[in-house]
Every structure is written in structure tokens, then in C-alpha cells.
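Which chain is which? They are A, B and C, in the order written, and residues in each are numbered from 1.
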Amino acid sequence: MMFSFCADPKSLEGLQWLSCYLTTGTHMSFYGSFLTVLVLLAVTAPVALAFGFGGAVAGRSHVAPLRWIGKTYMAMVRGIPDIVFFLFFIVALDQGLEYLFHFVRCEDLSQPVRQAGEFRACPAAKIPPGSAPPAIHQIYNFALAVFTFAIVFGAFAANVLSGAMQAVPRAQLETAESFGMTPRQINRRILIPQMWVYALPGLSNLWMVLIKATPLLFILGIEDVVYWAQQLGAMKTQTFSYPHPDWRLWYFLGLLVFYLLLTKVSEVVLDRIMTRLRRGLPMAENGATA
Amino acid sequence: MKKLILTTAILALTGGAASAQQVVRLATEGAYPPFNFINDAGEPDGFEIELFDTLCERAEVTCEWVTTDWDGMIPNLQSGNFDGIVAGMSITPERREAIDFTASYYPAITSAYAAMDPDADFATGVVSAQVNTIQAGHIAETDATLLEYTTPDEAVAAVRNGEADAVFADSDYLKPVVDESGGEFVWVGEAIALGEGIGMGLRKSDTELKATFDEAIDSMKADGSLNELLQKWFGGEEAPQF
Amino acid sequence: MSCFETIQAYGLRSLGIGERLLPREGYDLCQQFTLIGSGLIWNVYFAAIALALGFALATLLAVGKRARSAWIRKPCDWFVFIFRGSPLFIQFFVAYQLLVLLPRDGVTLPLGLFDLHVGTDWVTRAWAGAALVLFFNTAAYTAEIFLGALRSIPRGDLEAAEAYGITGWQRFRRIQWPTMLRLAWPAYTNEAIFLFHATTLVFFSGFPAFQQRGDALYYASYFAGRTFNPFVPYPIVAFYFICLTLVLTWTFGRIGRRLNRHLPTNETRRRRPRILPQIIR
């Protein structure tokens, strides 16, 4: 309770009612969930970039199986809608981990893990353990979501980075070769440093895409902004302290504004970075078509 | 909308002093007043929350509430993300094939139609219901056209904005909606009893947990405390009784 | 029920033809493939209608964003900003909530001589409402792609046109528009693919399924919910989408080659942009 006059909500009116309404525990959770979105973005972006880098390098590898893995990973996002992947992957990941742990930690391995439609890993194999405090469960679920996001957006990033690697002028690489550099040296000293400039337009676009994908957290079961907007906006009867009609439209318009602001700010910042990086660089096509 | 993995544990009910005690994670929807809802303080509240508060104490287990989306509850139970479903889930033969239920702690629910127009055509018109519920299953078998929503309040909103002619839901859920609508909503048609009552959903392999809760529920039925709770949450004299 | 009978009963279920009730037992592979495939009709419908209409609107928006008059430019800028700057997921929610606010009995437009009565109850149905959102959404993304292409048309092309006395509308239709299309095509192909993927969001946000007629993902989640096993239905959806994405890529590749057919092959390769900032939505 933020204000003392909020003790008896049903007697309030007008602005007082609104100020009490907007400071309830549920609303505080709602405001907190905006932070969840920002944390997700901050954590996912570098992890996805790392996955993308791995994918792009693997896709160029001279070792055939590695190359196939890289190429398949990059092709995946072009074929499968991300939401399908989300729905499927997060369960697969959770169960897969517990399946592995089942064989490491459980004593009785006579029974199959999957039987009669149930997934029966022994208690010791549960992640997190059933007795763990709620906060641990929360963090684990959030980590699963971050990992899932990173896999999908890593595949996007791999596409961008591998395009950027191809965009580095061949002459640069050939010159390095004529200086007697090994392929490894060429990669580390010439290709990768130059690649970033070419990758930047694609990566900043990817950042925007990532922002716009965050409402999918809701589908992964995280109590994010969409969850709270649904929960708070729904019609409330007299069972609740602050009864009100269906206000979902207003809550969702609020979310719309939040996302528009977030993308706008990102756009301005990324534009600045891009102009700075481009200064003095011979980017003939100025970031290709767009 | 589907949340496959379950989500946030909200609060440990009984003080977690005894760490050796078994922790039972209970899933609820938090959007189905008066059975379960998230109150304005952000905590789970309602008939089922209060009931299991007592039940867990009697069974001497530590219970932890987890809110999760209705649609993914049974799959999540099966894969072990929590140990019990306490979400106004009616016992039906179809669900029994997949999971087990404790003894019912609420008698067979009556479901009813509510509409804005007293002459609404609920028999062959468009009727809204929450997806994967006993009510949605019932409407799918009638001549009416089923309109499915992920949450119960969306199903009500569908009637308010004219998407559907009537909403078909648990009459206990609809009652405050109809009573407080100032005459906007009216009951139409006959109320229908569906299912075998509401029980706590459990994995079939968790026979011990089932026995523990069965015993606790029976003890609350025997001493009348369950009936008291029913009266408290479901309109006094009219409340269903065991 | 044999598989053939299943296909007969559920093959067009998403359109309301065939069995009225969804299957309550069995849930075998044939059932899942049939019903999810039936839902795919909706994904293809949404993608086709949004792409066809979006293409036209995108051209207008791209030209509008280059207009000198602020009265034309600003609305186009805002349209593109709102639809590109916010998640499609939220757009579906908001659109549905806004559309249900329209008066149920329809709107009467006084047109002077007579009153035109327009019914509005159909706009909240997914086939119209969700298609509208997808149409606006793809138009905004495509407009940005087209705008980039318009800006990178070589000056020489336009000067040459002027030297031949081709100006105004003729210049746009015969020089600018075809060149724009050619330059934008690879990026537009990506937009088409990801719009097609985005159609899976329709029944997951905002729009309710009418009489259990939904898209591929709607039926997949039905099966996942009934069998408690996500490992069969979701990969089936993925399989269908991979196949259709290949068809889409092939079709767009054919069109792209046709657009570039007058250019010498090495020219085509040089012209094709290698980094596509627009590659994904």
C-alpha cells in the first residue's frame, strides 16, 4: 500500500482511486515485468551473438560435418517459424536435461523414463530439485527462456555474420595470404575484424527483431508484460478490491507505446554508432540496398 | 495461448521451517474467481487457495503455489514441472485417462449460459467458452457454434462485445459477473451439471501423494470444515454442500 | 478409421467441411498430419492475401515517404513506424480489442443520395481482422525495403531516361518501379518468408478460433494438449513449413531471375546486395 488513504479502496473515487489502483501489488509486479523484458534483451543479445558467431564459423569450416551443422543451423530459421520452435524446444530442453541427469544420478534405472504418457525422472534428476525455493525455479525457467531465444536468434545472427564474412573483399584475404599468413591468422587478423563493419547493419536490424520478439516470453510461461497486461486488464468483479470493466485495450495500448519507444530509442542509438563506424571506411554501397 | 513450461512459484504457504518436509508444488491458474485468482496484493487467493492452505497443513507437507496457464497444465504435470493441479479442474473420464484425481473437494459443478439478451439463441447460436474445459467440450457436442478463448474472462468479454450470443461457463464463476452487470447479463436456459466434481489432479504414479491428500480431504469433509469454506466462498446458503 | 477416411473426414476441417467434432481418440500420425495440414490452408490464405495487398500498399507508402508534401509524407512515416516499431503479437491484441468496439449492428454511411449500410460483425473474425493486421504489417516492412531500393537506383538510369524524354509517370512506371523491384527482390523474398511464418501467431494472440477452425499451429497445440506429447505435432508443423518455405523460395527465385533476365549474369551477381539489413523482420 503506497498511500495511507488506500486502506479502504471501495470508498475511494476519482484520482485517489486511480493512484491507489496503480500502486497495488499486482501493478508493481506489472512494472517489474518491464525490467524482465530489458534483462532478457541484455542477456540474450550477447549469448545469441556468440551462438551466431559459432554457427557462422562452423558454416565456413573445412571439416565437412562441422560445416553441415553450421549450414543446417543457419537454414533452420528460414524454414521453421520461431514460435513453433519455441513451443517445442523449451520442453525438449527441459526434459532432455532431466533425461541425462536421470542416468547420472538415479539409482533405480530399471524403469523407462517415459512411460504411460508420463515423464518420470527420479527426484534426484529434477532440475531444479523439487525442494528448491521458488526463486530458483523462477531463475531456471528464465534461463531456459534465454537459452531458447539465444538459439533462435543465434541462427539469425549466424546468417548475418556469414554474409558479412563473404562481404569482406577477397583481395584483402589474398593479400594476407601472399604475406604468408596461415588460414587461422587470416581469420583472426583480417577477416573477423573487418567483418564487423559489414555485419553491423544486419545486427542492428536483428536487435530490433529481438525487441519485437520479447512478447513471446509469454508463450514460454514467463510472467512478462503481456501476462500482466492480460491479468490486470481483465474485468474485475466485486471479489477484488478494485473492480473495473474490461480495460485490456488500454493496457495493450500502453504496451504498444512502450515497444514503440524502445525501438525508436534503439534506432537512434544504433544510427549514431553506425555513422561513427562508417566514417572513413570505403563502404561503396553504403550497406547495400536499404 | 499456451505456456508449456510452468512458471513462477508465488509463495510458500506453510512456513518452510522444516526443510526435511516434502515440498509439493501446486499449479493454479489465478484467473478463475472465486476458485482461484491473484488478489490485488499480487498473491494467489480464493476458495482453492484457502482450502489447500488447510489441507497441506493437515497432511503435513509444505505446499508451494505456482501460477501457470490453463491450457498447458496437464502436459506440465506429466513432465514433472509441478506435482498437483488445483485449478477448478473437473474430474472427467477423458482426463482420468491421462492423470489421477483426489476425491472431489467440490461437488459436480453446474454450468450455465449467460447472455445479454434474454432471448439469446444459445442452442444453435454462437457460444463462447474457455478452451480445453468441460464446458467447451459440451458445447462442441451441441448444435451451437463454439467460440474458444484462452481465459474465462475473454469468453465473457466475447458476449459483451457481441462476438458470441452467450457464454457457457461454471455458474459460480458467472454469478458475480451476472449479479454485478446491472441487468446487462441474464441467465438463459437451464443450468447443467457436468463432470464428477472438482478434484486435485495428480500424476498416476504419485499414489502416495494421492493417498495423503485423499485422507486430508476426507477429514475436512468429516468435520464439516470443508462445508464451512464452501459457504464462505460460494454465497452462504446456496453453496453446494457435501 | 483408415487413413483415407481420416483425410476425407478432416482434410478440410479447418474450413468447416467434414467432421464437426475434432478427433477425441486415436491421435495417430495420420490424424495429426491431416488435421495440421488442413490448418495450413489458413496459413497459406493469410500469407497470400497479406502479401498481395501489402505489395500494392507498400509501393504507395514508399513513394509517399519520398513525397515533398508533409501532408503525404508524415502519415506514411507514422504508418511505417507504428507497424515496424511494435511487435506483431501486440498488434494482434490491440487490433482485436479495437475491432470489437465497432458497433455490432454495422455502420451507416450517409452518401448524399442514399445511405450505405456496412455490416461490421465480420471484421472481428480472424479471416478478416487478422488478415488486415498482417496486410498492414507486411506493407510497412515492404515499404521500407522498397524505399531503400528506390534510393539506390543509380542516378545514371534516371538521367538516361530524362535524356530520352521519359518523365513523370512514364519514368516511374518504366524505369524506377522495375529497377526498384529488381533491387529489392532478395530482401522482399525474405520478408515474404517471415510473413508466412508470422501467420502462425494469428490464433495464439487475440483472435479466437471460430468453431474450432484454426491454423496449423492451432491444431498442433490441440494435439499436444490431448496427447501430452509435444514431440510429434510441433515437428509436423515444422516439416510442413520447411516444405512450403522451399516452394516459396523457389517461386520467388524464379520471379527474381525473370526480373534480372536482361542483365548479363556477372552483372546480376554484382548487383545482388550481399548484406541485407532487411533480411529479417
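Note that in this section contacts are C-beta pairs under 8 Å (C-beta built on N, C-alpha and C of every residue); 3 or more make two chains touch, one makes a residue touch a chain.
Quick caveat, the model's predicted, so the values are computed rather than measured.
When the C-beta contacts at B-C and at A-B are tallied, the pair with the greater total is A-B.
Chain centres computed from CA atoms place B at the largest separation from chain C. Centrality by C-alpha centroid: the chain sitting nearest the overall protein C-alpha mean is A. Centre to centre, using the average C-alpha position, chain A and chain C are separated by 24 Å.
If you average the CA atoms of chain B and of chain C, the two centres end up 39 Å from each other. Centre to centre, using the average C-alpha position, chain A and chain B are separated by 33 Å.
Residues of chain A in contact with at least two other chains: 87, 91, 117, 218-219, 248. Taken residue by residue, chain C touches two or more other chains at 101, 204, 221, 224, 228-230, whereas all remaining positions touch fewer. Within chain B, residues 1-2, 4, 72, 75, 78, 98, 154, 157 each touch two or more of the remaining chains. Interface residues of chain A, counted against chain B in their complex, comprise 9, 24-26, 28-29, 87, 90-91, 94-95, 98, 116-121, 126, 130-131, 133-134, 137-138, 141, 144, 218-223, 230-231, 234-235, 237-243, 246, 248.
Across the interface of their complex, chain B is touched by residues 21-22, 24, 100-101, 104, 121, 124, 204-205, 208-212, 221, 224-225, 228-230 of chain C.
Against chain A, in their complex, chain C makes its touches with residues 81-82, 84-91, 93-94, 97-98, 101, 144-145, 147-149, 152, 183-184, 187, 193, 197-198, 200-201, 204, 217, 220-221, 224, 227-231, 234-235, 237-238, 241-242, 245-246, 249, 273-281.
Across the interface of their complex, chain A is touched by residues 1-12, 16, 19, 22-23, 25, 30-31, 33-34, 37-43, 64, 66-69, 72, 75, 78-81, 83, 98, 151, 153-154, 156-157, 160, 176-177, 180, 203-205 of chain B. Contact residues of chain A toward chain C in the complex are 77-85, 87-88, 91-92, 117, 156, 159-160, 163-164, 166-167, 198-199, 201-202, 204-206, 209, 211-216, 218-219, 226, 248-249, 252-253, 255-256, 259-260, 263-264, 285-290.
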